[in-house]
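Look at the two complexes coming up: chain A is in both, with chain B in one and chain C in the other.
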Partner chain A sequence: MRGQFPLKMAVGATAIMLLAAGCSGGGDDETSAADALVSIGIGEPQHLIPSNTTESNGAEVLAALFSPLVDFDADNKPYTVAAESVESTDNKVWTVKLKDGYTFHNGEKVGADNYINAWNHAAYGPNGNGGSYFMERVEGYKDLQSEDPDGDGPQKAPDPKAKTLTGLKKVDDLTFTVTLSEPFSGWRSVMGYTTFYPLPAAAWASEGVLKEDYEQAPIGNGPFKIKGTWQHDSKIEVERYDAYPGEKPKVGGVTYKIYQEQTAQYADLMGGALDVVTQIPIENLATAPADLGDRFKTSSNSVFQFVGFPTFLSQYSKVEVRKAISMAINRKEITDNVFRGSQTPATSFVSPAVAGYRENSCGEACTYDPAKAKAAYDAAGGPKQIKITYNADGGHKAWVDATCNQLKTNLGVDCVGVGEPKFADLLTKVENKEDVGMIRLGWIMDYPLMENYLGPLYGTGGSSNYYGYSNPEFDNLVKQGSAAPTEDEAIKLWQQAEDILARDMPVIPLRLGQNVFGHSERVKNVEVDKFQKVEILKIEATS
Partner chain B sequence: MSNVESVAQAEVPGAAGVPVSPDGGPEKPRSLTGDAWDDLRRNWIFWAAAVLVVLVVVMAAFPSLFTSADPDACALSRQHQGPSGSAIFGYNFQGCDVYARTIYGARNSVLIGLFATIIAGVIGLIVGMAAGYFGGWIDAVLARGIDIVLGIPTLLAAIVLARRLSADPQDTGFWAVVFTLGVLTWTTGARIMRSSVISAKNQDYVAAARMLGAGPGRLMFRHILPNAAAPFVVVLTILLGVNISTEATLTFLGVGLKGNAISWGIDISTAAPYVRETATPLVWPSIFLAMTVLAFIMLGDAIRDAFDPRLR
Partner chain C sequence: MLVSKDLDMFRYFVRRVLQGVLTFFGATFIVYALMFANQDDPLQALAGERPLPENVRQALTERYHLDDPFILQYGHYMRGLLTGDFGISLTNRPISEMMQQAWPVTIRLAVFAIIISALVAVTAGIVSGIRRGGIFDTTTLIITLVLLSLPIVVLAPLAQLLFGVQLHWFPATAGAEPGFYQLILPAVVLSCLVIATQIRVTRASVAENLRSDYVRTARAKGLANRRVIGVHVLRNSLIPVVTLIGVDLGNLMAGAIVTEGVFNIPGVGFNLFRGIRTEDGPLVVGFVSILVIVFLVVNLVVDLLYAVLDPRIRYE
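Let's look at the complex of A and B:
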């Protein structure tokens, strides 16, 4: 999920929340625990179309409605769910065999065509799908894109050359092959992402065109089916789909209650109107352990928070300057005091959530040493004024101000935090090469591979390389790693690439995230995974 | 002509007999201002308000007289520490000295209140005086204009306007708030001015001045304004207090001062979510804000009472 994390929570409309709270689905005493209804708090999803869902609210709901080809165990090893097998001999041509017996919620059988059609739709440029970039590796992707000749001007972009990916081929009803433009050993894991869910024939208005109201009541192949439609800004209800051939859910249904503010979710949890809060807001962290007792829980996730140096800003062009700034930041103090221990200091460029993570791969540069930092900063002639630009809607002001205060004290510089209203405003300023100073960024992995923390973020032209870092040696190592025949070999090469980052410091790693969640007494076995989603097949009602 | 002359003559004080004070000396002619001052001197509310206002103004002008601490020197390691010898109000979330920030916060509040009130005063003076003096269609147009601005909900309009004016996130929003408050709050002043001018312009001394050949400018500013100004000044004093409080409200809502400005509104808004942990960073700026607003409003009230003969 691209850098927009954490989720935007708009302010207002408490009336709607009260309305939602009034319709609490607590489940009556007559039904057994297996048929009980539980409720989970989310924000309003942007979309419920798999290929256009790159934020965690929509992904949370879709995970109940759809069953992925592969999922991940506790060690992030992919295992097949809807797929019988995913095989490749050369990491370039992948054969996907589907399990027999899966049906969509309208009774339709799930077949190879459902995947191929959905993926072609995802990749086709004019559809404007947020998850389109996941298809970049598939052969023929470029032919499905077209460039607008005059940017935002009046001329319309020409139609792309092709409408379907040449890399997708149907073998039989339950088998298809995916040909990549370059070998990638991690492709099996990539296919676990939301974008790769299948779509039923009933979803299409005509060939390649989705029905406009499909996302109001998505028909999926998952353990739950939608009950009614998506009630915007209020709730989304799902109920158990009895014909689901896979692992059965342990509850009868889930109500996803939609909130504008995280603090309101927490208040509802306290008031008994909500069962699960997946992210307890910072404001409540000091009191939450006492409020919730053993229902206050933490688990690791894949969030990585950092600040980047746009390469067009010459004052940060010296690596010594970037390193000195990094060494002048006391990460531990910020995670303890601002985040109340809900995040941990980052000392590497990848999250421990993926194989290949090494503690302290950033080395001295991420170790707090104010004296050395000051000496190095002065010697390298660092700028007298430092600026950190952040998006003001994500709750970043507190830690940016704290970081600035540390830099002021430790480096003797002037430091200001500048809050842009939205992340997109920040990106616009970076594109216009304005003096934004350091920029705040965050990353949740898309698929559990070390490569996901390298290629998209630092590769030349990477999808989220907003600062413009480019190093051919790095690009080469990531590419070689992706093409390596085994995961171990791949990791070795990726680790070498990470070492280059530690040397060049294009960004300063700051913090690693953690899920800090809580639940009511009505539910048990609540787990939140590394993608910040509730494990929907594990949650149970207590009575 | 002769008629007017004779009336004017009869009004000259002392012509018919100089009033004699008990000790036999001639008493100075009593003016409205003089009476009001006599009244104010004996009003403890006036003195309390005046002392507070002077204190806040000195605080805004010379904050270093009150504290030697730097309001920008913050360290997370001191987060939410309680009151101590070095920081008598304790430390806030970022580990900044709450006392120092509260003292330094006075400047923005007072300056915004002052500038906004000056803008409101100038607009109100011009519009009110023009409407009252010229009357006729000019009055009709201006008075309806006042009604229209008065009909706009101040806070709602201020939120929209302040956000539009200060779109650049690097801007502290100071002048945006000043302008917003100024252009939205001049109506009461204009109405008061209009009615005072209407009552003053029919006085005989105005007629006399006109007969003597004074033009509209001279009449308005030399003859009418001094006699119509008192209630207007009172309204502006009260408005100053109201503007300070509205500034804090806008800042609390995130559309007033922002970024690295030091202000009571910002401090109140950042401390609010942590009130269950520690209340002092919220309580002290709130008390200072409340006292300042109260001081200006009480001062205005006391002056109004003194100038209003009916309340004497």
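Let's look at the complex of A and C:
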């Protein structure tokens, strides 16, 4: 665990000091800091079912209610939490041993069945779980899906062949095995995601069918239990679960206040009605450092922003053209002026949130050099007009226009930013192979592995490889890395794969995300992790 | 005579209600068609920029009948609506439940705002109408000009920053279950949307009536100034103002998107905005259906109020 001992000592010392000072927090009765309630601002979650939660608001709340099998240390390496051990000899069959003593908030003991049933439900196609694709690697996943016979037509898809994954086997009450269809060295890290939380027996209406109202008051195995129910568009309250056997939280409860707009969160933070804002909106960034002083903080997250070159557009087919455009972009100027430091320049094809990240793996091509860029661009005969297409609902206009201005000045070309109303509209145009120019894209990791950037973004047929990049050599290296016997060997192979990207330049890395957060004077030790979640076990009240 | 008038009024009422039913179906049909036309991939909108797994797309498409042709979807929806079933949103929440939460808070906000604006506007309008060209009139003119030119996107955050964040007079946001105190600031901001127009209309109306024949007659009869203004001028001047206030009430319920966003009130405006953003047809049409009813009822009430204020008006 990261810094567990020094932290515990610090906490102990603080507690003693507080006790000595006879300090007591607010509230109806005399409460100590350890029982204090803190509030965190979020947006309305879409769902609170682990396997159907792929956005950060829901994941933030579930992280308090559930305890993951593994979590990640400062080097992004996994360590076990609810699991005693996660072992494999061949990276294909993984044995998960659970820690004894974990209970759900209704008193049920957490056992192997709770995981197996939850994962089967997650993977079963007709359940329509947003996180089901995490189970793709588990043996038997394909049999839980069904093909609609007439595509989007009116006919109903037949029921899938099977209801349970053949790859999940119970060994005893606290042990189960996960068999993957292909060896994957990073599977331990994958299991740290929200989708892999267990579900109690009380969650099921019948076998494989979740109770309709389970997500209104999810029963988990985590350090906090829900108080009352999910009050939609208003708040979700959780309180400390005293029977939790793991690391104890340092507050008595958390109120997740639901906001429609981040600016309202910030106003409440300033007005004293909210303790933590996990992402300070760009509108407030000009004044926030002065408003908050040392309570204004940043930490890195996994967001990776880039533009891709659709391979069907011949004007960008020369790698020299793509590299020249990249060199003509002054990333620092944009992150400083447009984003006011809330993002930092990206010079690699993966985010620093993963083990194996190397700074500037993109090399010269991501280094700002307008003179060289112009010469290379002219020599390669780059197009006279460059286009950048973006989705207009995501606040991208400012930096796209800034980038275009840089390209105009540095390359002497015409450049236009084209806003499509929504991301889906952008994708439709790409699918129809229209001349969209470069397309704006972004990625947030699901699990902290290089593979989670390399596979979906650059692999042939990758889920977010909208531009159609395909290089068999690259695919092969990523695959070899996934099958490598150890994580270190995997990283080596993945880094070789990343070097190919630097050569081929299928996309231009632009920016890395930052958590820009702030908190009130009532709380301390506020940290926001790479998944953009507040570290719920660390946050403390000051009095 | 009296019986005939009541009968006229009843006939008028029935005719308006029938018209209302037609308007209701027409409006919901148009809104549903517009949402359908705008909808290209609501599931992707829900997933944001994440790739949507094929099995999820398939399951959700069937659950929400997204692959049915327009007429089938509309028929399906209207059948539900007429039996009081508003359907479920794309995040699997019953829309009737969302309405139960959103409407009370929006109605409270809008009524509060309209009371504030009516009180201020009628008072200020009458005073400046009587003392045209005076200091009060000039000051009101300048203030209304400023208010008219300040869009709500500026006014709302400004008021929040000033009174909520810096002066701490009011809470910065109101939340889902606001009390009277929490609603003051948003209601005042919202009332600024309509207050300027109301003042100007009241002032013009009072000024016009002061010059009319019957006022001159009343004064010639030797009536006290208070009675001339209080009974004759006021009653006649309020007719256009009442119409305006009635229409404004509907506007405030539908048009509180910005105010509700800034003060974090999950009301009707917020839900409409969310529905449009996530291409959630049933959600938008559900709220619009109720809005249409609100507009119809308010308009009818305003028209009926005419008769109370002005006995000369007859319904045919």
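One rule holds for everything that comes next: the second predicted complex is superposed on the first by the 514 of 543 C-alpha atoms of A that agree within 3 Å, B and C clash if a C-alpha of one lies under 4 Å from a C-alpha of the other, contacts with A are read in each partner's own complex, and residues count from 1 in each chain.
Rule of thumb we're sticking to: a contact is a pair of C-beta atoms (placed from the backbone, for glycine too) under 8 Å apart; a residue touches a chain by one contact, two chains touch by 3 or more.
Quantities reported herein were computed from a predicted structural model and do not represent experimental measurements.
After superposition onto chain A, partners chain B and chain C are found to sit side by side with no clash. By the touch criterion stated above, A:234 is placed in contact with chain C alone, chain B being left untouched.
Once the two complexes are overlaid on the shared chain, A:487 sits clear of chain B and of chain C alike. Once the two complexes are laid over each other on the shared chain, residue contacts for A:427 go to chain C alone; chain B is not touched. In the superposed model, A:60 lies in contact with neither chain B nor chain C.
Which of chain B and chain C touches more residues of chain A: that partner is C. In the superposition on chain A, contact of A:271 is made with chain C only, not with chain B.
Distance between chain B and chain C in the overlay is 7 Å (nearest C-alpha pair, rounded to whole angstrom).
Within chain A, the residues touching chain B in one complex and chain C in the other are 263.
Of all residues in chain A, only 263, 283, 286-287, 330, 333-334, 337-338, 392, 398, 401-402, 405-406, 408-409, 416-421 touch chain B in the complex they form. Put simply, chain A touches chain C in their complex at residues 46-47, 54-55, 125-130, 132-133, 145-146, 148, 152-154, 156-157, 231-235, 257-261, 263-264, 267-268, 270-273, 393, 422-425, 427-428, 441-442, 456, 463-464.
Within the complex, the chain B residues that touch chain A are 72-77, 79, 93-95, 169-170, 258-260, 270, 273-274, 276-277. Those residues of chain C lying in contact with chain A across their complex are 40-41, 44-56, 58-63, 67-68, 91-93, 97-98, 101, 157, 160-161, 164-165, 168, 171-173, 175-177, 260-264, 266, 270, 274, 277.
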